[in-house]
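Below you will find the structure I want to go over with you.
Letters are used for the chains, namely A, B, C, D, E and F, taken in the order the chains are written, and counting of residues starts over at 1 for each.
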Amino acid sequence: MSKSICIVFNKAPYGSQAGRELLDIALMAAAFDMPITAIFTGQGVYQLINNQQPDILNIKNHSATFKALPLYDIEQILVDQNALHQFNLSQNDLLGIDELQYVSADVIKSRIANSDFVLTL
Amino acid sequence: MSKSICIVFNKAPYGSQAGRELLDIALMAAAFDMPITAIFTGQGVYQLINNQQPDILNIKNHSATFKALPLYDIEQILVDQNALHQFNLSQNDLLGIDELQYVSADVIKSRIANSDFVLTL
Amino acid sequence: MATFSLLVTANPYSSQGQFSAIEFARTLLEQGHNLLRVFFYADGVLVASRLHAPPADEINLTKSWAKLAIEKDIELIACVTAANKRGIVNASEAERNALTGDNLDPAFEISGLGQLTEAMLESDRVITFG
Amino acid sequence: MATFSLLVTANPYSSQGQFSAIEFARTLLEQGHNLLRVFFYADGVLVASRLHAPPADEINLTKSWAKLAIEKDIELIACVTAANKRGIVNASEAERNALTGDNLDPAFEISGLGQLTEAMLESDRVITFG
Amino acid sequence: MNSLYIINNPQKLSEALPFIGENDGILLIEDAVVLATSDSAQTHCKNQFALEEDLIARGVKDKSQASWELVDYPRFVELTLTFDKSITWL
Amino acid sequence: MNSLYIINNPQKLSEALPFIGENDGILLIEDAVVLATSDSAQTHCKNQFALEEDLIARGVKDKSQASWELVDYPRFVELTLTFDKSITWL
């Protein structure tokens, strides 16, 4: 069985390129058929906000790629619900992706514990 | 009268180069006879710790330059005493520089208010 | 009409600061203010390389600065110490350091920190983007 | 004896991560472990330029990596997307992008992200320095 | 003299706050604009601004609180002239 | 599986903590070693380490608390093998 990987998004767009560059790792791992979990925690939940318009600042919008994750067979997408509450966000503020799972820190903790690799950036 | 400047050190060595590169600005401003205040707050107080030995990691030790600040006529050196307390540090832990003034946030606030330029990095 | 200078320390690839600085520069010029100098320091100097090849659908920040500099006659100065340490060199520095090649974009100039201090003394406002 | 790979994303000039990664690499090799590959990503790729001119009394990180790679036959690979965006190009990429010059240090190779994934599959441990 | 404190990282506001006077200004830009969407980031400072373009870029403009006045880039430039100096607290 | 959490920025420990299990390990390196000098950074994790070289570099080795075990680089390498995987929480 292939090794599994968690990709942890914990930084907001667009002040850093972390989200963008983690996405590229996720897509590459998918191409290698690694079982992948995408985790959104802390300010990383802002990566999933719908209606992002960074193009008004001449910055490329990478949020459409998050919507496409299931097309790349990345269907395990965990959103830390504590982080949503902390930032006053609700599920309605996020991209409409059927596969989003709103979970507690404990669910994320056990997923991380059971993966072979865990990456943040 | 020349314009005055506050240089604010708020990051620890050696995880970032901010201390080092702010020092270069301070020395250059001194060469232009600008009245300078060096301010150490937050994790920036670690810049002044005595007995730093980054050379064991092949990193250059810039702390001797802090000791030399008075030689460059930078004699206003303010250390935020709240930051010292917060990090469990005492005056004995710092470099022996006669000109260090241990002050409250309010003293720093008024010095910043009365300066023409204030730089962090 | 006021005279501005900018101090840009932001990493051009990993942070938003260079985008903000360019937008701020454009806006102040549209309002009829003067922009004396943009001084690049710390990781900000990385934008002064002419060897960037960003994806085709993305902004080339070096060219954005160069366009502004040429159209509006603005000085783009990278600090020599910060630049050389970070692998940004012009031909003479490359020769002095026995490096094979150089990479400074022609719209930028390499000079000393004194240019920042001078900008402070000669501008009404210096705004930092980090 | 274990097989390690490293993922290095640290900015070589503004953070300590590259120093830590080199020290970690040296130590594991001294202990007799294998180092399959060092993969540079994000700002970590900046160290792959041969045009650095740090002050004479300071470490040249590029040369430190190169020395390790040559002595111990270790692959130093910079991600092509991250590198080209950040102004790190080899001769063929320079030509393809119509750039005048290149700056990749000969001890480093530019390749795709697949090399990171492969390293994960082929190593006992992958340690990140950011 | 009154200063405009420019904050571009949400973690930095609390660090700068002890030095910010009631009549100074705070301008949130870049990632720090998310602070304007939270009711927990209220300060003692009378002049609270957030950069509208950065809120729009992140899709959170309609979540910003009334206590933060939205300003665009032209107002940003004007603010740097209204205040005696600008301090970017990195 | 037990993980070694590598923390190199003092602000990141509290962010990672909800995901760290009692039998996981925490290793402080680089700027994060200052956490080992403070009695306020105690965790529920049984295996707390701090990199000795980074404490010495910063001149704060003799201020580190007994609850953080000092390890050198050779021990750092060993720890990454003792634990099933390493997670650098950036």
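Throughout what follows, a contact is a pair of C-beta atoms (placed from the backbone, for glycine too) under 8 Å apart; a residue touches a chain by one contact, two chains touch by 3 or more.
Note that the coordinates shown come from a computational prediction; the quantities given were computed from them, not determined experimentally.
Enquirer: What chains, if any, are shared contacts of chain C and chain E?
Expert: Common neighbours, chain C/chain E: A, B.
Enquirer: Going only through chains that touch each other, how many steps at minimum separate chain A from chain F?
Expert: The fewest touching-chain steps linking chain A to chain F number 1.
Enquirer: Which chain's C-alpha centroid is most distant from that of chain E?
Expert: That would be chain D.
Enquirer: Mind checking chain C against chain D and telling me if their interface is mostly the same residue numbers on each side, over half, or mostly different?
Expert: Copies use mostly the same positions to touch.
Enquirer: Which chains are joined by the largest number of contacting C-beta pairs?
Expert: Highest contact count among chain pairs: C-D.
Enquirer: Farthest from chain F by Cα centre, which chain is it? Let me know.
Expert: C
Enquirer: How many angstrom lie between the CA centroids of chain E and chain F, rounded to a whole number?
Expert: Going by mean C-alpha positions, chain E sits 35 Å from chain F.
Enquirer: On a C-alpha centroid basis, what's the spacing between chain A and chain D, in Å?
Expert: The separation of the two C-alpha centroids amounts to 26 Å.
Enquirer: Roughly how far is chain D from chain E, centre to centre by C-alpha average, rounded to an integer in Å?
Expert: 39
Enquirer: For chain B, give me the residues that contact two or more of the other chains.
Expert: Expected reply: 14-18, 57, 59, 116-117, 120-121.
Enquirer: Specify, in ascending order, the residues of chain C that touch 2 or more different other chains.
Expert: Where chain C meets two or more other chains at a single residue, that happens at 9, 13-16, 20, 23, 42, 55, 58, 81, 126, 128, 130.
Enquirer: In chain E, which residues are in touch with two or more of the other chains?
Expert: Those would be 8, 30-31, 53, 85, 88, 90.
Enquirer: Mind giving me all the chain pairs that touch?
Expert: Taking the chains two at a time, the touching pairs are A-C, A-D, A-E, A-F, B-C, B-D, B-E, B-F, C-D, C-E, D-F.
Enquirer: Could you please specify the touching residues of chain A with respect to chain C in the complex?
Expert: Those residues of chain A that touch chain C are 14-18, 57-60.
Enquirer: Can you name the residues of chain B that touch chain F in the complex?
Expert: 12-16, 43, 46, 49-54, 56-57, 59, 87-89, 93
Enquirer: How about chain B: which of its residues touch chain C in the complex?
Expert: Where chain B meets chain C, its residues are 2-3, 5, 17-18, 21, 24-25, 28-29, 31-32, 34, 116-117, 119-121.
Enquirer: Taking the complex as given, what residues does chain D use to touch chain A?
Expert: Residue list for chain D touching chain A: 7, 9, 41-42, 81-82, 112-114, 116-118, 120-121, 126, 128, 130.
Enquirer: What residues of chain D sit close enough to touch chain B in their complex?
Expert: Going through chain D, the ones touching chain B are 13-16, 19-20, 23, 55, 57-59, 64.
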